[in-house]
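What follows is a pair of complexes built around subunit A, which joins subunit B in one and subunit C in the other.
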Partner chain A sequence: MGDYNVPIYYLLTHILHCKVQKPPKISDRTIELGNKYSPSFVCMPFKYTLGTLLESLEKGANVLLQMGGGCRYGYYYALQKEILKEEGYTFDFINLVTAGKTDVKKIIHDFKQIDTKFSILKSGYHLFITMKMIRYMDKIDIMIRKNIGFEKNKGEHIRLKKQMLSSFEKTKGYFSLFFTYLQYRKKFKNIRIQKGKCLKVGVIGELYTIMEPFANYDLEMMLSQFKIEVTRFTNATYLLFQKKKRVKKYLKRVKKYSKNRLGADALDNVGRMVYLGEKKYDGVIHIKSSFCTPEIGVMPILRRVANDYEIPLLFFSFDANTSKVGMETRLEAFYDMIEMRKKNE
Partner chain B sequence: MNECYLGIDIGSISTKGVVIDKNKKVIASCYIWTEGSPTSAVKRVLMHLRKQLDASYVLKGIGTTGSARKLIGLMLEATVVKNEITAHAVGTLATHPDVKTILEIGGQDSKIIFLQNGIIVDYSMNTLCAAGTGAFLSSQAKRLGVEIEDFGDIALRSENPVKIAARCTVFAESDLIHKAQAGYLKEDIIAGLCKSIVLNYLNNVAKGKKIEGPIVFQGGVSKNKGVVKYFEELLKQEVLVDPDGHLMGAKGVAILASETANKKEYSWDIKDVSFETKGYECTGCSNHCELLKIIKNGKVIDTWGSRCGKF
Partner chain C sequence: MTVGIPRGLFYYYYGELWLKFLDILHIPYIVSEETNQYIIDLGRHYATDEMCLSMKIYLGHIASLVGKCDVILIPRIDNFGRMNQTCTNFLAVYDIAQNIFDAKFITYDIDYLKGQTEEEAFKKLGKELGVDGETSIRSYHNALISIDYQKQKKICLNIEKLESKRLKILLVGHPYNIYDNFIGKPIIVFLEKNGIEIIYADLFHENMMEELGSKMQENLYFKYSKNLMGSIVLCEEKVDGIIFLTAFPCGIDSLVNELAFHYLKKPYIDLVMDELDSSVGLETRLESFIDILKRGAAY
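Entry: the complex of A and B
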């Protein structure tokens, strides 16, 4: 998902004594494969991950890892396992999050079964580095989102990020990681940008669609071409460390609109919407994959918040075959609209 | 010498061309079917428009809108390439400065635009579905053996429109067949269809948003008197329909072209340019992008559809 394959790859190569195969990048073929073997009314993450699993099996993988939870995604591994078995593949399947809960004992047990030399102590250390790496990546990403639309030499941010990821891949230990991070943070700060008063847009919605650029047709890049500053809340750091702490805060903030947790990230999105309204953002874009039940449920609430704060709100719903042209038209119109509003203020 | 500006709206079903003068008055217009080939449709539009104008007019700007706006913008070297929503709003504001809601139903899509004091404050467009668009109406007209142009008049004759499922074309169609076979009058069925279009639009596009007057109704379907009648009935307000309603997008983009600072002189011979497109799949990496090469006068001027930015 996104660029998180770098830290995950790091983790697996350091804790396991077997060959770790990088999953192939998501391509049109991945989606085609996923589509072919998925029920058509299942949400997009299922199709994408199933496609990736199939491609990995074709390349010779015999142990598959899957994680996910929150909504019905937590049960997808079971269905995917059955589908793949029916296709005649043999493999071991390790699920890191079972029905919304992480069972550490079971995971350690599973890992020991595939790797007899598996060491808990060593894994703990590398897990720590991996988490740090994810944190640093997210911090850099927040900086990039703020500035990428305004860079003087086009493509500089992307180029530098690629360099950063490849040096992260070669991380030796915690200190080397930390220094690489500091070095690149400085480099990113030194990129020349030209930024005056600009439009600000918040992107909220379902986590997979937000975090995988292939799934949202590079929405953030398209926004940056309009010279819009993007604020996005969902990233791995948020999901892993911050989400649990925020729930109470969000429930308090959205008291007027909802009393319940609504499932998955739905409550968080209402909370963010209120926040963006209070901060007087120029617009909000809500994205989800088609048939995502929690996010569909939250749409009417978001619309009400948008009315109360008079903030433009645009919905996108992605399926495996959404046309990019329709999306461009809507985005362009959205940009025209928020620009006109800003000028008339 | 008189300045004039050209606006072209290339929709999925029809292509519209408008020429305006300095005072934003329409001096020539043209409306033809796209027939699946936007480039040749535009060439025909240019030919028609040129015949309507006298030689004293000099073309100073070109704007394009509609679903083929990018392609045609490249072909004609347009100064303005704008999305349909902005173009329609600008065009409508020129004739109805106080408009608050624009309803638009075209061949393939339908949209609603809300305005306040002359600026767009909200809009929405239908997604994923052909229910409630012109394409559905014309296919059903064919099924019933009625010319689409007569649809509205027949609908007005009905006193008791049948109820037809409004959510989905597939259900609407089976409903319609069922009603026809059960022996309902044709005009009642046609009136029911018109009503279902309106209901679908209000449910799926307007989605419970507050619709305030003055309301202007545009797009090809606005020519259908039956649909207009049911809009007025359900909204309990007057719905304005312009005789030029179908040209508003083209007019809007022509106005935008006349307002930009960047102007240049065009010759009407642009229609004779040789313009080709060629689709192929790139095998450079695992993305396998579907690419479209754009060839003008034998030279590749652009390639679209790449995800990696190689082209």
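Entry: the complex of A and C
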């Protein structure tokens, strides 16, 4: 998912004494494979992850990892296991989250089965470093999102980020990680940018589609080409550490629209929408994979919030067959609309 | 105060209980009419186009009730414990309706993880209707007892059907789809016309089904789907074929039914319904499925 394979790869290589295979980058073939073996109206992340799992099995992996979430995401692994078994592969499947909760004991047990030398203490230390790494990456990402549309020499941010990721991969301990982070933060700050008054757009929506650039057809890059500053809330830091606290805050904020949890990230999105409305953003883009039930449910509520705060709202629903051209056209129209609105004010 | 009850989703799980409960408390109520084209059109108007058919129909029912009653009852069912969760629509529909319609709603919340049991929920419901806690709990238990006989009878009849000599088909689907006038009724009518014994997957003892359901897949954590899968495990040996009835695009069924397909060895057919389905195409498919079953039974 996105660039998070770096910290996860780091974690696995350090706690396990086996060969860890990097997940192949999502390509058209991944989607084709995933599409072929998936049920017809399951949501997109299922197809993407299934495709990735198939590709890694082809390359010779025999232990697979899958996460889980609050909606049907937590149930992916059961069906994927069944489908892959039918295809004739043999493997161990470790699921990290079931029914919205992590069963630490079971995971440790599972890890011990594949690796007899697995040590809890050591992996705890490395888990800590991994979490820190994710946190640093997200902090840098927020900075990049603010400035990438306005850089003087094009492509500088991306180049620097690639460098940073490769040096993160070689991390030896916590302090070396920390110093690399400081070093790169300075470098990112030194990138020359040209920024005057600009349009501000918030991107909200379903977590997988937001975090995997391939799944949203590089929406953020496209926005940056329009010279728009992008604000995005969902990242791994949010999902891992902040969600529980924030949800309570959001519940207070959106009292007028919703009094309860709405499943998965739906309530969070209403909260963000209200926040963006209060901060007078120029527009909001809501993206999701098609058939994502919680996000579909939240759409009427978002529409009402948008009406109340008079903020333009654009919905995108991504499928394997979404064409990039059609998406660009809609984005252009949206951009023209919010720009004109800004001029008229 | 008149309570409006939409005939959709929850109605097929709790309808009888609600009606009895309100009867005992002498509170007038109206239930929206059976699903018809008008209600579907209403639902399509108010719903987002990607919502599932059952949800669209439910919103249509709510829309048809607006203005006819003082309050509309929409419960919110979150979970029955960690391994017994429900569809996200079940926990969001109250808030969705509140944002779409300009009407007064009453709700109760079932959330066992937070200690909101069904009894507590009905107490809360009574409170919103202006009844004190003790009376509403007593009426809740009375209502439970008085509907229990009918329920058990239905279950017994359903189990008896398993021994029938006719061609037996297990109809798997959520009750709000099976018993709906638009989605499930045409299928049931057609099957009965062809002299087929229909066994309903939702009419079994819940506790037993839960255990059996986890036999198919141990970590299945959707309560209602678990019950349906349990019925498949129980009946697979005895029935001739299985019909899966799904509303397009049901989130849970897309995964769980697929799992069942991998598990099954008997012939099955997967019927996915959307609001445009014509009954002709459906009948052709069902006819050929029945033909296959008849051939299979003859051998």
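Note that in this section the second predicted complex is superposed on the first by the 345 of 345 C-alpha atoms of A that agree within 3 Å, B and C clash if a C-alpha of one lies under 4 Å from a C-alpha of the other, contacts with A are read in each partner's own complex, and residues count from 1 in each chain.
Convention: contacts are C-beta pairs under 8 Å (C-beta built on N, C-alpha and C of every residue); 3 or more make two chains touch, one makes a residue touch a chain.
What you see is a predicted model; the values in this text were computed from it and never measured.
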Task: Quick one: classify A:317 as touching subunit B (first), subunit C (second), both or neither.
output: both
Message: Tell me the contact category for A:304 with respect to subunit B and subunit C: first, second, both or neither.
response: second
Query: What's your read, subunit B or subunit C touching more residues of subunit A?
result: C
Message: Which partner chains sit in contact with A:92 here, subunit B, subunit C, both or neither? Use first/second/both/neither.
response: neither
- prompt: What is the contact status of A:293 with respect to subunit B (first) and subunit C (second): first, second, both, or neither?
  reply: second
Query: If you stack the two complexes on chain A, which partner ends up touching A:332: first (subunit B), second (subunit C), both, or neither?
result: first
Field: subunit C-contacting residues of subunit A that also contact subunit B
entry: 317
- request: Please name which positions on subunit A make contact with subunit B in the complex.
  value: 24-25, 27-29, 155, 218, 312, 317, 325-326, 329-330, 332-333, 336-337, 340-341, 344
Of subunit C, residues touching subunit A in the complex: 46-48, 50-52, 55, 76, 78, 82-83, 85, 87-89, 91-96, 98-100, 109, 217, 219-222, 248-252, 254-259, 262, 272
Field: Residue numbers on subunit B that touch subunit A, as the complex places them
entry: 67, 82-86, 117, 119-123, 125, 127-128, 286-289, 307, 309
Task: Over in the complex, which subunit A residues touch subunit C? Could you list them?
output: 39-43, 46, 71-72, 74-76, 78-79, 82-83, 86, 95, 98-101, 257-264, 266, 290-291, 293-294, 296-301, 304, 317
